Each structure stands twice: as structure tokens, then as C-alpha cells.
Amino acid sequence: MTEADRRHVLCCALECLLFAGGGPVPLRKLAAALQCSEEETESLLAQLQLDYRSRGLMVQQVAGGYQLCTRPEYAEYVTRLVAAQPEPLSRAALETLAVVAYRQPVTRAEVEAVRGARSDHHLRRLLERNLIREVGRKPGPGAPILYGTTEVFLRHFGLRDLSDLPPLEGRRVQDMLGTRAAGESEER
Amino acid sequence: MSDGRSPIVRVAGFEGPVQELVRRAHAGEVDLREVDLSSMVRSYLDALGPEVDLEEATEFLWAAAVLVELKSKLLLPPKPSPPEAVGEEEAADLEERLRQRVEEYRVFREAAEALAALEAVQRRVFTRPPDEASAGELPLVGLTAEDLFAAFRRVLERSEQRVEEVPPEGVTVADRMQAILATLASSPQGVLFEDLFEPASPRIVIIVTFLALLELVRRRRVRVAQTEPFGPIRLYAGGRDG
Amino acid sequence: MTEADRRHVLCCALECLLFAGGGPVPLRKLAAALQCSEEETESLLAQLQLDYRSRGLMVQQVAGGYQLCTRPEYAEYVTRLVAAQPEPLSRAALETLAVVAYRQPVTRAEVEAVRGARSDHHLRRLLERNLIREVGRKPGPGAPILYGTTEVFLRHFGLRDLSDLPPLEGRRVQDMLGTRAAGESEER
């Protein structure tokens, strides 16, 4: 088998893996299933993405992995066949979510201090939609609940990970706002 | 965002697209407290011709609302801070605190707008829903779930008479799994599906037993077989050795 | 747009439909979503099948219609990927799931009443694992969230369809199990 043939087989296999995986599949798992290095898997992913240029599907890097999805330009066809996606979030809910996303872990009181508005209703809705979750309790009086974002959050916005959050004014909002200590670097 | 046709406004210290004014106000480059918003609105309305561009008017209205909100935030005292934030506040002067608060809020509002844009794209992207093809992980040999449920229904029918189901202490799926495995281990010839369920059990116990059985099947600890269509369902331990 | 371009767009759209459709999609539905005739849809399917010759996926015609699937020759790769099974549910989570499954739609309070134990944590874990979902709100004070099971649940337990269960003497199993009062007959 020539090297080109080998690459082609792996590329087809990769397509199968992404298809069968359903949701986002981590690079590590893809490489293990292909039995090749993560570097080569990345190069195969790039190849596949290229092959997909003129197709209906595309590879998306989201929530810590890779997934197949339909290209946005064909959305109208798809919505004629399957139920539309869930309702978009309201502006207030998005604001609340933004504070949680960039400030996590964060308490309700901290969210409300930033927004200058009551946010318990929005937090509850976001919890229900599984976009945020309780991640622990803040030490101190009352031990208020700390909130953070979920994998569903990353998928909802098509984000690779938290560092993929949109930067603001050329800087990462996170850096600008970061009150997090250097020790808390369990960032992915 | 809207790069199209932002209405031009003229106020003290600024002349240009209204969106630019909003941006500068956000950035603190224009002191909104010095800007007469009501005259800005009036002159815009005066300049409106008979043909109103609805999109442009909407954009102006939106921008004006943002400016009014922003200005009110600068002029009005902040809401009392929630209890836990109080102690953390430095004894800064009111104006500085206000400024910080508006700035902080502005940053998050822009972040929310960016997220809304991402959401809009992602809503047009569809992933593959779970389908029956990948349900092949479950080795239900020659059996559909309906067969199992039909049997389950028979069991339930027998238990239907009982009025209330108090959740019995300690009935767990894990316990029932152990019990099923023990029963099957002592019956190499297999056990009839129905015999797993004690008809006098409360329904919740039957339900938990049924779930325990499904879980065992999923883990391939139990094999399910039926020798003929609609025939009795037999359960066997293991499932890999036969 | 030339005829060739039009065909190409439709072919990409068809790929999206088969992908997002999940299972087999009847020709009639494909044609309706593409807004073209069934004859043309068939010819597009043939075109797509041709385009797929050297790919990992293929179009399969099954009883209910057409579906995408992975080519059998890549099965070993896919098997390696799905072999890593998700961790089993905890016993408490399974119990909670049992109550939701057989009592749906059901509120947290109802689940807890049956289990005699707090269940919010488990409900959240089940939500995260996509085994249950919100199905609505119960009318009345507080309008508590109602939970039901998902497709993932069906897949997890190898069930085809919960609501497809044959009615038992005119009633569904879930009615039989329900201890819901006569007033609470917000049946769907």
C-alpha cells in the first residue's frame, strides 16, 4: 500500500469515526481508534476538512473534540425535515450567561452585582437548559453556590473550550476580568 | 455589528454615525453627562423626510435607547450591593465606582452580543441525532424491547390491584441486579422472565427489578432468548459463553 | 445559477438531510425538504452515492427510506472507538431514572416523593448525560419543571420507543403506573 493509499484509508476511517461518534470526539480517542499519532490525526482532520469544502457537511472543533455537522448554509433545508433548534436565549439570559462564562466560578450575588439586576430567574433557566451547573460552594458566610458553564454550553455556542470565548477589544475578556489566582489553572 | 446605514447625529463634541457615538460612550471617550440626548432625538425626528427608512429608524431608536440607559446609569446612584459584595468594595468615591460598574457591565454586554452571534451560527448547524443503527451496542438476541415490555406488562397487570406504593427501604437497582444474578447462577437451564418478578411485590420493586434486568442485559451479564415468536422469554446468566 | 450548480447545491443539501435525519428518511420527506420531485431526488441520491464511492460513508436504502452509514470495511476502526463504553450509572441515578422513565412527565418533587430521597443532583447528572430532558412545566403554583426520557435513554437501554408501547386495555403503561390524581390528567 502506498503512503497516499494509506492516508486515504485513514481519512475515510476518520470520517466514519466522526460520523459514528455522534457528538464531539476528543483528538486522543480519534488517534487511538486510527492507531496513529495525534499529530497525524490532526493532519488527517485538516485533509478531511479540505475534502469537505464542496460538500454539505463540515468538521467542527467543539467542546474539546471534533464533530461532523451540517454547513450553516443548508439550514433551511434541514429545518424543513427536522425540528428547529431550541429557542435562542433572551438578551438578559445571554448577559447572565456571559458573566458566568467569563467569571466562573461565580455566585448569584456576584452575577447580580455585575448586571445590576436580579438574575435568579435567568440562572434557573440556564441551569434547566443545562448551559450552566453548580460547581461548588464559595467558602464563607452562607457558603453560596458557585456556578460554571457546561459542555452543553460549549456546544451551544460552537466553542472549542473556555479559552475559545470571544475576545473583546483585542484582549481576552478573561484576562481583563480575571480575578482568578494563578493557581487555578485547571483550564483546558 | 450593523455596518449598513447608521444615522448621522450631531451633538456637543461629536458628529458622526450614532453607532459610533454609542461606541465612544461605551469606551468612555464621550462623557454622556454632557450630551443633550433629547435634542439629539428631536433633531433626528425633525430631519426625517416623508419616506422613513424603517431599518434606519429602528437602528436610531435602538442606539438612542442604549444611550439613555447608559446615561441614566451614570447619573443615578447604584442599586445597593448584595451583601457579600459589600465588604470587598474599597472605599472609592461614588463616581469612580459608578464608572467601574458601567464599564464592567458594558464589557459583559458586548460579550453577550458576541455570544448571540455565535449562537445564531450554531443554530444553523445540525449534528447527527442518536439513531437506531448505533443502538446495536445492546445485544438483545432476537428480541425487541416490545417483547420485554409485553412481558413486563403482564407482570404489572398481576400487581395492578395494589393501591399505594410506599417506596420500600433499600430496594435499589444494584440490589435487584445482585438478586437476579444469584437466581440465574443457580439455574443453568435459565429462568422464565416472569419468574423474576414476585407478583405480590409493590410496583416500584417490579420497576426497579425490570431496570436492573435491562442494565444487566446492557452489561451483557444476562442473556435473553426466545425459542419461538411470542414464546416464553428465558434468561440466562453470562451471555458470552453461549 | 446553472443547472449543474443547482444540482450541486441540492446534492449537498441532500447530504445534510440524510446526516441530520439520523435514521432512515423516506424518499417523500427528502423530496419535500429539497422541494423537488421524487424522481429528481432519486437521481440526486444516485449522484450522492456515486460521490461517496471513495469515501468512508455511504447511502443505504433500508425499509423506511435512505440513511447514511459507515462503510463496512471501516468497521474495525469504529469498533475501537465505541468499545470505550461510558461509565455505568450510579445506583441512585438509576433509581431516579426509573422513576422518571415510568412516571413521565414527572416533577422533581414527585420523583423525590417516590424515592424518599433528594434527587436534584441525580436529575442533573441524568440531564447532563442526556438521559432525561425537560418536557414542559406542570400547571399550578411554581410551575415546576416536568422531566421525561430522551432518545439517548432509549438507546442506552436498547429501547425502540417508549410511547410505541401497545396500549394495555386501552391504557398506556404509564397511566397504570401513575398514582396521579384524577385532576392531574394533563395527558399528552
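Points worth noting:
Per-chain residue numbering starts at 1, and chain names A, B and C are given in the order in which the chains are listed.
Note that in this section a residue touches a chain if its C-beta (ideal position, glycine included) is under 8 Å from a C-beta of that chain, and two chains touch if they have at least 3 such contacts.
Since this is a predicted model, take the numbers as computed values, not measurements.
Chain centres were defined as the mean of their Cα atoms; on that basis the chain farthest from chain C turns out to be A. Compare each chain's C-alpha centroid with the centroid of every protein C-alpha atom shown, and the nearest one belongs to B.
Centroids of chain A and chain C (each the mean of its C-alpha atoms) stand 21 Å apart. Centres computed as Cα averages put chain B at a distance of 16 Å from chain C. Per-chain CA centroids place chain A at a distance of 13 Å from chain B.
Touching two or more other chains at once are residues 16, 19-20, 82 of chain C.
Each of the following residues of chain B touches two or more other chains: 126-130, 134.
Looking at the complex, you find that chain A touches chain B at residues 19-20, 22-23, 60, 67-73, 75, 78, 82, 85, 88-89, 91, 94-95, 97-99, 101-102, 107, 109-110, 112-116, 140-142, 144, 155-159, 165-166, 168, 173, 176-177.
Put simply, chain C touches chain A in their complex at residues 8, 11-17, 19-21, 25, 29-30, 32-35, 54-57, 68, 70-71, 74, 77-78, 80-82, 84, 124, 127-128, 134, 145. Touching chain A in their complex are the following residues of chain B: 73, 78-79, 81-85, 101, 104-105, 107-116, 118-130, 134. Residues 126-135, 137-138, 140, 144-146, 149-150, 152-153, 156-157, 160, 164-165, 167, 172-174, 203-204, 207-208, 211, 214-215, 217-219 of chain B are the ones that touch chain C when the two sit in their complex.
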